[in-house]
Amino acid sequence: MQKLTISGQEFNSRLFLGTGKFSSNQLMEQALIASGSDMVTTALRRVDLQNTEDDILKHINPNRFRLLPNTSGVRTAKEAVFAAELAREALQTNWLKLEIHPDPKYLLADTVETLKACEQLAKKGFIVLPYMQADPILAKQLEEVGAAAVMPLGSPIGSNKGLITREFIKIIIEQANVPVIVDAGIGAPSHAAEAMEMGADAVLVNTAIAVSNDPVMMAEAFKLAVKAGRMAFEAKLVAQLNMAEASSPLTSFLDL
Amino acid sequence: MQKLTISGQEFNSRLFLGTGKFSSNQLMEQALIASGSDMVTTALRRVDLQNTEDDILKHINPNRFRLLPNTSGVRTAKEAVFAAELAREALQTNWLKLEIHPDPKYLLADTVETLKACEQLAKKGFIVLPYMQADPILAKQLEEVGAAAVMPLGSPIGSNKGLITREFIKIIIEQANVPVIVDAGIGAPSHAAEAMEMGADAVLVNTAIAVSNDPVMMAEAFKLAVKAGRMAFEAKLVAQLNMAEASSPLTSFLDL
Amino acid sequence: MQKLTISGQEFNSRLFLGTGKFSSNQLMEQALIASGSDMVTTALRRVDLQNTEDDILKHINPNRFRLLPNTSGVRTAKEAVFAAELAREALQTNWLKLEIHPDPKYLLADTVETLKACEQLAKKGFIVLPYMQADPILAKQLEEVGAAAVMPLGSPIGSNKGLITREFIKIIIEQANVPVIVDAGIGAPSHAAEAMEMGADAVLVNTAIAVSNDPVMMAEAFKLAVKAGRMAFEAKLVAQLNMAEASSPLTSFLDL
Amino acid sequence: MQKLTISGQEFNSRLFLGTGKFSSNQLMEQALIASGSDMVTTALRRVDLQNTEDDILKHINPNRFRLLPNTSGVRTAKEAVFAAELAREALQTNWLKLEIHPDPKYLLADTVETLKACEQLAKKGFIVLPYMQADPILAKQLEEVGAAAVMPLGSPIGSNKGLITREFIKIIIEQANVPVIVDAGIGAPSHAAEAMEMGADAVLVNTAIAVSNDPVMMAEAFKLAVKAGRMAFEAKLVAQLNMAEASSPLTSFLDL
């Protein structure tokens, strides 16, 4: 399998994990390890920036995982830029998952503010991975203003509905020159596999692992599904046909 | 992961493979091995019953794989029973995948003839796994006349369209006391994972592996996807929601 | 629009109605009239066969509607034939909707018993319209034993999920020499329109009308949707494309 | 049925038509009449602004139809505003369908430019109906800057794939205080009916009518389907159930 590269850094896994909603930090840590992921996102809001000895960070081994702080909770470009700068200073990383969702119900991204913030942050030297609507025009614009990857949603955050935006994600993948990471809505390993089969470069999963009955087993399930989907993409899926085609010859057995 | 048991025999893998359409027997053999499968089906018609040194059988190591002869090509219960008996004698196995599809275009199973043949074959001591429409009433009837498992189609053979019958397969799984193996139409690892996530006991794949650009890599992809789907079933998938639910708390970051 | 003909009788409407679940017989009567239907099915069980002055029949004007008694409630071919003969004598009609569903939860048809009963009833001079699984092989077999039309389900009775069997209904339509009437599961006018666009000859609707807030308005909505779908079938739907195609020329306006 | 009102003007029909791709202006005129529509959009580019006696306009009777010029072909807010002002002067209307799609392949709307142009045009006194991605945040923003209605796409223009954005259109409808008109991608009357059943206020159709075998019959089919969908919305669709629910009582017929 080809390795994923974002902004010059190579990743061993095409599965990114979120850290919300786990019942304990211990369980989160075990799930992160089981997932095989090497990219983990945490809401800045959940990190105690005054004290980098904060509990959640103790459970994300920096030698194993790249920490990808996210701006969940901000509502404008201005807030996002401010939050990003605090994070860079406190966490010593210029990697950033940009999330601007003013809408508290569906948590959908604000396109105009996201594009504005992405441009400013890229100019300030951040490696920006913006969460976005599955909007192909926007994906190209984010790429043009310096996004290191684009992160279109599959379906609303936490809805677990899978790739309801699949037709638009296909267009984004077709047109992109940066990695396309499907974020939000992936509720089952089959959803993750489908995203990878379509040619997505990676997927980000959180709720589906964190709140399952067995997050560690589910993390491993996603690890396998992401690999399976990527291998199928590389080996190339067969086409769908309207007519059946026998796997075996149909001349009657009894003609023998 | 729980192991699959059919008619008292345990299987290490929940992925069954078909042997049609490979470009060579060598490639088939490599794909079978890469798949991790231990159950392989072959059309009786493709085996030279006068000569068990037949080429295809040389490529299916009997110590590694259970051979599951299938009756593809027969059109009636009578033909099926005749074929099964020939197979038992020549191949020394009473395991049988029963397929009766008189229709040369979509290769759909004949319900009435399948039920009749299954009953007769079970009485004659065969371990019968019938390929069938995704018909929940029929599934119960096959179980009652002695089927060792049921094999509803996901979509027409070779169509690669995935689980277009999912709503009916769910009912079959809910009601079954024998293993449910989704057969036909599985065109991608994500389809296989979905079947397993729903609680199917196994899947049978052929075309999607045999005619991909790289059957060996695709076989491994299916192996991983089937495991992923089963683990997700055991760890229990999260529910789909109509509203988003933040993975991270949403109180504004700037309130800090 | 072409008229529908079943067993030599012409119908003005391609919408058939069921009579269950209405909150009153008066409301049912108004909805029947608003629907424009001229074929109405009633469970034999709901008719008082000792007294053909039974209330429900008073609300189905025989000059306006053909009454299509159905055998809902029977579980075997034998029960179906017995019920049919009682009905013929009491109601003076040899038209019959054959329904055999032993399963009290999903009300799915028993394929083997349905085929057997259809054959017997056709021989006894009934005009048989069998409710069935969306099983293309069975559709041909029913046609061969004398069914006047076939009635595949769209989804389980009362589920309102629409055409979850669409891929199989397409095959049934492609192969049928008798009218194909989609029965069960049609929960919205858009479902009915879709069935007609695919080339179904008629649809049967009950729950979606009977239990809506306004059964009379909903009946009229279905009347329009069925016409719309049929007209679209006759005018031929345009093909789906993977690429956009501008309705208007795209040379820049400003080049003027 | 409730009437549709946009910016204080009442419309008799909830079906809007486009004028592209008809094989002749005569056929277009007949289809417009058969559709029952009273709102018709034409690309400015197709109107000869130097000569308001232009042929296409002769076929759109201003006493019967409100003309809705559209800016198809422009690529930026600046071009859109310029085009709009030319149109207002030449065609004597301040109604405008705003379309900004720089992308020649999928014709998707540019969110940032659309929002900017909408704001400017609303300030200049235009009644703006913007074509847009099915982006719920954007829909609220367009409303806030003065859009008279919002026109989210169902699927890419001319693709005829129907409501692939349905989950997002539902959110837009839930949140909107201006009419929601589904534009683009509606390829069949069933798609139009579904949009209306969901609570869309109107739909705009072009390709599906213009390039069918019989545009006049297809226009009438859409007219009926839109009415059907609206009536079903007002009468309220029944819920989808996972279990069947008998329309008729199931106590055995033979217990009589």
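As written, the chain order gives the labels A, B, C and D, with residue 1 at the start of each chain.
Simple rule for what comes next: a residue touches a chain if its C-beta (ideal position, glycine included) is under 8 Å from a C-beta of that chain, and two chains touch if they have at least 3 such contacts.
Please read all numbers here as calculations on a predicted model, not as lab measurements.
K.L.:
Which chain's mean C-alpha position is the greatest distance from subunit C's?
P.N.:
Computed centres place A farthest from subunit C.
K.L.:
Could you tell me the distance, in whole angstrom, between the mean C-alpha positions of subunit A and subunit B?
P.N.:
32
K.L.:
Using mean CA coordinates as chain centres, what's the gap between subunit B and subunit D in Å?
P.N.:
46
K.L.:
Listing for subunit A: what residues touch at least two other chains?
P.N.:
106, 108, 156, 161
K.L.:
Report the topology of the inter-chain touch graph, choosing from line, ring, star, complete and other.
P.N.:
It is a ring, because the chains touch in a row that closes back on itself.
K.L.:
Quick check on the complex: what are the subunit B residues that touch subunit A?
P.N.:
These residues of subunit B touch subunit A: 18-21, 42-46, 49, 70-75, 79, 82-83, 104-108, 156-161, 187-191, 193-194, 197, 206-208, 210-215, 217-218, 220-225, 227-229, 231-232, 234-254, 256.
K.L.:
In the complex, go through subunit C and note every residue touching subunit B.
P.N.:
Going by the criterion above, the answer is residues 101-103, 106, 108-112, 115, 133, 135-138, 141, 155-156, 161, 164, 167, 171.
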